[in-house]
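Consider the two complexes below, in which chain A is the common component and chain B and chain C are the respective partners.
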Partner chain A sequence: MDLSAFAPAFDKQVDTILSWLSDNAGFLFDGARLVLEGLFNGILWLVNLPPFYVVAILAGLAVWRLMGLKFGILAALAMVFCAGMGLWPETMSTLALVIAASVIALAIGLPLGVAAGLMPGLDRALAPALDLIQTMPPYIYLLPSIALLGFGPATALVATVIVAMPPAIRLTSLGIRMTPNEFIELAQALGTGRMQTFFKIRLPFAVPSIMAGVNQSLMMAFGMVVIAGIVGSGGLGETIYGAIRKLDIARSIDASIAIVILTMVLDRLTQSMAAAAQKAEE
Partner chain B sequence: MTQKETAEILIDCQSVWKVFGKRSAEAIKAITGRGLGKQEVLKQYGCVVGVSDASLQVRRGEIFCIMGLSGSGKSTLIRLLNRLIEPSLGKVMVKGRDIATMDAVTLRETRARHIGMVFQSVALLPQRNVLENAAFGLEVQGVPRDKRNRAAEASLAKVGLSDWKLRYPRELSGGMQQRVGLARALTSDPEIILMDEPFSALDPLIRRQLQDEFRQLTKELGKSAVFITHDLDEAIRIGDRIAIMKDGVIIQVGTAEEIVMNPADQYVADFVAGISRLHLVKAHSMMIAPGEWQGAPQGLPRCSPEADIDTLIGLITETGSDAVAVEEGGTLVGIVTIRNLLMGVRGEPEARAA
Partner chain C sequence: MQFSPGAFIAPAVDWLNTNFHPFFTALARVIETVLGGIEVALLIVPPPGVIAVVTVAALATLGWRVAVLSFCCLGFCLLADLWTASMQTVALVVVAVAIAVAIAFPLGILAARRRRFEAALRPVLDIMQTVPPWVYLIPAVMIFSLGRVPAIIATIVYGIPPMLRLTTLAFRGVPNDLKELGQAIGAKPRTILFKIELPAARPTLRVGLNQCILLSLAMVVLAGLVGAGGLGAEVTRGLTRMEMGLGLRAGLAVVAVAVLLDRLSSAALQRERAVKAG
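Moving on, here comes the complex of A and B:
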C-alpha cells in the first residue's frame, strides 16, 4: 500500500469540502459573519462610549466593592496606565472581543452544561469532544474559520468561542451533578417537582462551580484573543503580532502589559464573584 | 391494648424485600421461586439484600421505632415507606393505598401532604433562613408566601425557635438545626413523620432533651411517627412499639417491656441486657396469682398493674412490707414479692415464678 498518496488525497478532500462550503453555503457564513461582527461592533461602541478615565473609575469601583479599597485603586490606576501607553483603543477592542466571545461561549456552554449535568449520557458523549478541543493547539481553530469567515474579528470570535466554551460546560455540568444527595432526597421526600428541584435545589448548589466556569472561560478567551491577532482580530493581539513581525520588542511588551492588566482586573472580578457565591452557600 | 389494635393502620408494610445490585431481577425470581436466602443471593447473584421479608404496621397516633445497628437495613426500610427506594418485592400501603402503583403526581402529593421526613443530615438549605427552610415544603407545593410563612412560624413556635426565624442554618447549633428539620416536616401537617436517625449526631444531653420534646410534641399533635435509631435506649424512650432489625430482617416487634422481658433470640437478649428495667417492667408482668402468696394480702401496700419496678421498690422500702398487692378496679389481681421484684430487675422472664 502506498502511504505517500494518502496525505495529498486527504488534503484534497479537505480543500474540496471547504470550497464546497464557501461556494454553496456562503450565504450562511456571510450571515454568521454579519451577526458576529454586529455583536462585536455593538460592544466595542459601548465600551468606547465613555472616556478612558470613566472606564477606569468604573473598574476601580467594581473591584473596590468586591475586593476592597486597595485593589480598587490599583485596578483604576492600572487602567489609566493602559491609556497612558497609548493603547486605549486597542485595549477596549480586546475587551469588546473577549466580552463578545464569552457571552457567546456562555450562552452555548451554560445550557449545554446544565443538560449534561442532568443527563449522564450526554455528559459522557461530550467528554471526548471537550477533551479534543482542549488538547488541540488553540490556533488550529483559526484555520477553518478564516477559510469560511475571512480575515477579521468574526474569525477571531469563532475561534475564541470554541476555546472558551469547554470550561463553562465542564464546570456547569459538574456543579449540577454535585448536588449533595441528602438534598435530592429531601426534595423527593417533600414531593418537589422536577423544575422546582432544579431551580430551588440543584441550581443554587451549582452556582459556585458555574461561576468558576465563567471565570475559566473568560481566561481562555483572553489567551485566545491574543493568538487571534494573526487573523486580524484588531486590538492588543494584533498590536503584539505586528510588533513581533517588526521586531519592535518594546511595543510588544507594552501591549503585553496592557493584556495582563485587563486579564487580572476581569479575573479578580469574576473570581471574587465566585467566592461571594460560595460564601452565600455556607 | 384492644383499643390500640383496632386503631387505624396508616402504614402497612407487607413482606417487603429490597435487593440491590445489577442482577436484582434474577435474584428476586430466585427468592420467590426457589426460596433463596440472603447468603445464597449474595453468593449466586452478587446482590445485596437490604431488606428481607419485612412486615410491619404503623397505627394512627403511635410512635414506631425501628432499632438496628448500621447495615441492618433500617434506613433502607424507612425509605421504602415513602418510596424514596422502590421495593423489589412486597407491598407498602399508606392509608390503604399501595404506593408502588401510584403515578408520579399522586406519589408527590402523598409525600407532600401525608408523609413528612426528617433526616440525620438535617439538610437545611444554606442559602435560606430558618423561616424559609421551615416553609420550604409548602413553597414547593405552591402555597402563597403569606400562608406558608404563617404555617412555618406556627411550627417553629412548636419547636421553640420563634426567635431564630431570620437566622441562617450555619448560625444554629446542631440541636437547633434538627429542630428546624422537625419544624419543616410539621409545617406541611402530615399524619405520618418518618424520622431517619434524627438525633444520632447530637450530643447526649441535647439528644435526651429532643427525644422527650419529640415524643411530647408528636403525642400532642396526634401524629404518627416511624423513628429509626441505632440506640436501644432512644427507642425505649420514644417508641410505643419497637422493631428490632438485624441483617435486613425484622427479628422482633413489640413494646419495650415485651422485648426486654421476652427477647426473641440471643441477639436481642444481648442487646437488652444492659437496659435498666426500673421504668420498663410493670407489676402485671412480675406478679404471681393471689393464691400463690402464703400471707394475708390485707395489710400489703397496693399498686396498679401498670406500676413499674421503681414505684414498687418505693412502696416496699417505705412500708417495710415483703410484698405488694396489685389491684385493678378494686379487685386483687396479683401479688409481687421481693423475689419477683429482684427477678424483674434482672429482666428474667420467669419473674412470675413463685
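Moving on, here comes the complex of A and C:
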C-alpha cells in the first residue's frame, strides 16, 4: 500500500463530495443560509435602529440596575468610546452576531440540557460528544461550515453555535440534576403532577446554574465570532484581521479595545444576572 | 467626534521597537533556537520511529487503550501527509506550556499563601479569561511582527490564567492537618512544600496542566493566522484559498493532536490516582 497516495486521494474525494452536495442538496444549504442570514440581518437592523447614544444609555441603565451606579456610568462611557473610535457599525455587527448565535445555541442547548438532566441515559450519551467538541480548537469549526455555506455571516453563525452550545447543555443539565431530593419528595408527598414538579420545583432550583451556562455560552460565542472574521463574518473580527494583514497597528488596537469593551460589558451583565438569580433563590 | 487610542499607542510601539530592538531580537532568537531544537529532535527521527516510541511508552505506563489511541492519532498525522506540520504544532505547544507552567506555578503558590496577592491578581485574571483569544495575538504581533515568536508569546500569556487559578486552588485544598503535621515533626518549609503539599495538590495540578495544554493548542492553531506555521497555517490556507481537502485534512490532524495530548495528560492523571489509591 502506498501511503503517500492517501492525501491527494482524500482531497479529491472531499472535492467530489462537496460538489455533489452543492449540486444535489444545494437548496438545503441555501435555505439554511437564507434563514441564518435573515436572523442575523433582523437583529442587526434592530440594534442599528437607535443611535449609538441610546444603546449606550440602555446598556448603562441595565448595568446600573444590576451592579450599581458606578459600573453603569462606566459601561455607558465605554460604549460611547467605541462609537468615538469610529467603530460603531462594526461593534453592532459583532453584537448582532453574538446575539444571533447565542439565541440559536440556547434554543437548542436549554431543552437538550433539561432533557439530559431528567434522563441520566441521555446525559451519559451526550457527555463524550460534548467532551470532544470542547477538546477541539474552536478555529477548526469554521472548516465544515465554510465548505457548505460559503463565505459570510451564516458560516460564522454555524461555527459559533457549535462552540457556544456545550456549556449551555452541561450547566442546564447540572442545574436540573442538583435539585435537592427532599423538595422532590415533598412535591410527591403533596401529590403534584410531573409538569408542576418540574416547573415549580426543579426549574427554579436550576436557574442559577442555567444562568451561569448562558454566561459561558455568550463568552464562547464572543471568542468564536471574533475569530470568524476570517470567513467574512463582518464586524470587529474582520476589522482586526484586515488590519493585521496590512500591519495597520493603530486600527487593530482600536478594534481590540472595542472588542474588550463589548465583551466586558456583556460578561458582567450576564454574570450579575446569574448572581442575582442565585441571591433570589437564597 | 473621532479619536483613536491606537494612533497614540502605535508610535509608542514604534519607539519600543527602535529603542529596545536588540532586546526583542535576542528574546526572539532564544525562543527560535529552543523551538528549532525541539522541532529538529522531533523530526530527525523518521515518523514511524516516533510513533513506535510513543506507542510503546504509552503501552508500558498508561495501558493499551491510550497506546492504541496514540498510534491512531499519530498514524493519521503521518497518513494525512502533515507530519512536519503536526510536529511543529506539538513543539509550539510543548514549549508554550513549559514556559506558562514555569511562570504560573510559583505565582499560583504565592497566591495560595498570600490573600492580598490573590486579591490583587484576581481582577487581572478575570479580564484575561474574558478577553477573546484573538486579542492576545495583536500586542505580540506589534512587537515581534509575524511568525512563530508572537504566536508562542500569545500562547504563553493565554495559558497562564487557568494554570495559575488551579495551582492556587490546589494548594488551598491541601488539608491543614497535613501541613501542621509537617511543622510538628520539624520539617523545613521546603520539605513541607515538596513532600507534603505537592503530592496532596497533585490531582488538581494535573487538571490545570490538562486545561493549559488544550487552551495552548487552541491558541497555537489560531496563531496560524499570524504565520506561526504548523497545522494552524494549513487550516488557514484551506480556509482562505477554499482548498477544502487540505483544510479538512489539517482540521482532522488538529483533532488527532488534541485528542492525543488530552488523553495522554489525563491518562497520566488517572494513573497518579490509581497509584495513590493502590
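Here is the rule we go by: the second predicted complex is superposed on the first by the 265 of 282 C-alpha atoms of A that agree within 3 Å, B and C clash if a C-alpha of one lies under 4 Å from a C-alpha of the other, contacts with A are read in each partner's own complex, and residues count from 1 in each chain.
In this section, a residue touches a chain if its C-beta (ideal position, glycine included) is under 8 Å from a C-beta of that chain, and two chains touch if they have at least 3 such contacts.
This structure is a prediction, so every number in the text was calculated from the model and none was measured.
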{"item": "Superposition on chain A - do chain B and chain C clash or fit", "value": "fit"}
{"item": "Partner chain in contact with A:E185 - chain B first, chain C second, else both or neither", "value": "first"}
{"item": "Partner chain(s) touched by A:T263 [first = chain B, second = chain C, both, neither]", "value": "second"}
{"item": "Contacts of A:L36 with chain B and chain C, given as first, second, both or neither", "value": "neither"}
{"item": "Touching partner for A:I176 - first (chain B), second (chain C), both, neither", "value": "neither"}
{"item": "Chain touching more of chain A, residue-wise (chain B, chain C)", "value": "C"}
{"item": "Contacts of A:A164 with chain B and chain C, given as first, second, both or neither", "value": "neither"}
{"item": "First (chain B), second (chain C), both or neither touched by A:G193", "value": "first"}
{"item": "First (chain B), second (chain C), both or neither touched by A:A7", "value": "second"}
{"item": "Minimum distance between Cα atoms of chain B and chain C in the superposition (Å)", "value": "23"}
{"item": "Chain B and chain C contact sites that coincide on chain A, given as residue numbers", "value": "none"}
{"item": "Sites on chain A touched by chain C in the complex", "value": "3-4, 6-7, 10-15, 18, 84-86, 132, 135-140, 142-144, 146-147, 219, 222-223, 226-227, 229-231, 237, 240-241, 244, 249-254, 256-257, 259-260, 263-264, 267"}
{"item": "Chain B partner contacts - residues on chain A that touch it in the complex", "value": "180, 182-183, 185-193, 196, 200-201, 204, 280-282"}
{"item": "Of all residues in chain B, those that touch chain A in their complex", "value": "82, 84, 107-113, 115-117, 119, 121, 123, 125-127, 136-137, 139-141, 170, 188, 194"}
{"item": "For the chain C and chain A complex, residues of the former touching the latter", "value": "1-7, 9-10, 13, 78-82, 127, 130-135, 137-138, 141-142, 214, 217-218, 221-222, 224-226, 232, 235-236, 238-240, 242-249, 251, 254-255, 258-259, 262"}
